[in-house]
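We just call them A, B, C and D in the order they show up, numbering each chain from 1.
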């Protein structure tokens, strides 16, 4: 009988913290590529929201360009919310969350890695799609760069803030609506400053203030949200 | 009183509708905050009395069962069936003791 | 060396167990018995460090768990009811991310050897979704074999395992305790104790249903 | 520094007995104060030179808005106490305060909207204060919904504590961004509850109303807390004696 050897312990635990995060990110990305249906939904939803508005309101140029920034941002916000529901729930269902909690590495760090991989598969793809929608909604050309900047800065904050709600509702059966209810108040400041920046650019006024405020929210999110998420996961999984 | 007559007080120079609808809304909220606790109190007290009565009934039923079977705690052995029995008498002792105390 | 002193746990105002104490030295197996809902799983999750709402203290190598929880988790392998494997990944990938998470250097041969020991040699690159529940548990056991953790905390490992799987697992426990490891396991089947290292603990002994008196501050007895 | 007081606070039975004595005083004083303040404000103060009699809604709108915001602050402190010292009474307070806060938040929104009609001609105005109050209502509903969704009491207690702490961090950000958003789009409109021009005879009934509402809130909270204590301590002997 082949005697199975034992793998050796790592000596410098701190450096291994990042390799654990990399392993988690790699795991989540392979999971999304193996079953891409999960990542396609938010993008399809985003596109659908952008097509509904002209049908609902008016197809002509002035009205749409006025609304474009709000429509794109609200579409991105709801799409991120859509994809957040299964962030921790899939791990909870097959027991992987227990392994995450049992890891010697600090939980906020691991949770940050998970949220980063979620952002890569949802928020980042929405940002790449945004120019397509901006063209569809006749967004003036000078507003393209602020739109992309605000989306790049804003969607991680959406993922971070929404993950707090996702962690709190991990054991709730139909927690989707509750997750939306918990995350919306956290999304409002980001929405205000992001659409504010794009609208300011459309009236060719300076929008650097808005961008700076969005980066403030990003930094606040990156520092505080993982603590809340880790706390919520520990509390729910008692 | 600022207003000269009751009707003036009600109409308040045209703003009466808004003022009085706001005040009825305030009355509604105050009434909700007063009534809701009492309703909750009644519901929870009923639940607790039902639970206490259920426990007493459980205790009565155990006392009868034990006399009939003449079972007692001495012949305790390690088979799981008996651990069940062993477990129940202890709860029965505790149950009856709390029943007498609450009866005093 | 695990030392649990005067542990008590309350779930939803129901006192599961109180002043439960035991020691688990290296080379020992402790089987935790009790009927369903007696608090076996809660006890295991408390010791593994999931729950913090408990009174009483747990010592790992004579230091309180709350201060050395990182070392404790380095040296502990927890296997819950669910195998903890991602169904879209292959067994090997699952073992890699779990080992990486518990801070061990990945050694491919050791993992393959472990998979071989659980008779899953040819399955290492088939997505876990194709494997049966018993095979999934055996993949989790492969992770157990390959991990250097000394303390094994296993929650009902014998579910979905056939007869000869049970005896295989018992041989694995003996081998682990022989190397100075510790096993904390809950299961309904009584384990047959060959080397005399097996001890049993019934949670129900500590779980008498007594009504806790009013003063929550002092725990009034009886 | 002996902490006996702090630990005694932790025992629900002690609170139940003490609050039994406070309750009648609270009930009488709060209802009397509210009655006096509202009658005074409604009947005896002269109308505002600009808004006429519709400003009399201030005597319920301002206390309700103050209460809605300070109740959320109290919930955040109760949440911090639950998480740090794990005092069960704090979690009971957190659970009990949420619906009361939500009811006052709704009252403040409705009275604000009603007041907006004669002043600006439309029922709902995206005024900075009203919008922040609306978002505060979402925070309240979120906490109540989360409390209902998680069934184990310990997990629900800590989850709601974390959510209310996250919410309390979020409130200043929301207030700032809504104010900024409001001034960007509408310029400085007539602020709904501008107080500097309050003549003294208007100010006194308002202060009385605010005090009355706060006393009313404390009374309601003590009432609900006593019921929550009975419900949670139903296994203990003193509750069984109380009930039988």
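Criterion: a residue touches a chain if its C-beta (ideal position, glycine included) is under 8 Å from a C-beta of that chain, and two chains touch if they have at least 3 such contacts.
Quantities reported herein were computed from a predicted structural model and do not represent experimental measurements.
Colleague: If you take the mean of the Cα atoms for each chain, which one ends up farthest from chain B?
Modeller: It is A whose centre lies farthest from that of chain B.
Colleague: With contacts defined as at the top, give the pair, A-D or B-D, that has more of them.
Modeller: When the contacts at A-D and B-D are counted, B-D has more.
Colleague: Would you kindly tell me how far, in whole Å, the mean C-alpha position of chain D lies from that of chain A?
Modeller: 33
Colleague: If you average the Cα atoms of chain B and of chain D to get two centres, how far apart are those centres in Å?
Modeller: 26
Colleague: On a C-alpha centroid basis, what's the spacing between chain A and chain B, in Å?
Modeller: Roughly 44 Å separates the two chain centres.
Colleague: Where the centres are mean C-alpha positions, what is the separation of chain C from chain D, in Å?
Modeller: 47
Colleague: Hey, what residues on chain B touch two or more of the other chains?
Modeller: If we look for residues of chain B contacting two or more partner chains, we find 98.
Colleague: On chain C, where are the residues touching two or more other chains?
Modeller: Where chain C meets two or more other chains at a single residue, that happens at 53, 211.
Colleague: For chain A, give me the residues that contact two or more of the other chains.
Modeller: 238
Colleague: In the complex, go through chain D and note every residue touching chain B.
Modeller: That would be residues 34, 38, 42-47, 52-54, 56-57, 60-61, 64, 99-100, 103-104, 106-107, 110-111, 114-115, 117-118, 216, 220, 223-224, 227, 230-231, 234, 237, 239-241, 243-244 of chain D.
Colleague: Quick check on the complex: what are the chain C residues that touch chain D?
Modeller: Within the complex, chain C contacts chain D at residues 11-13, 53, 211-217.
Colleague: Which chain D residues qualify as touching chain C in the complex?
Modeller: 7-8, 10-13, 86, 88, 152-154, 232-240
Colleague: Can you tell me which positions in chain B touch chain D when the two form their complex?
Modeller: Residue list for chain B touching chain D: 1-3, 9, 12-16, 18-19, 21-23, 25-26, 29-30, 32-34, 36-38, 40-41, 44-45, 47-49, 51-52, 98, 101-102.
Colleague: With touch defined as at the start, can you tell me which chain A residues reach chain C in the complex?
Modeller: Touch residues, chain A against chain C: 1-10, 13, 16, 19-20, 23-24, 26-27, 30-31, 34-35, 93-96, 98-105, 110, 234, 237-238.
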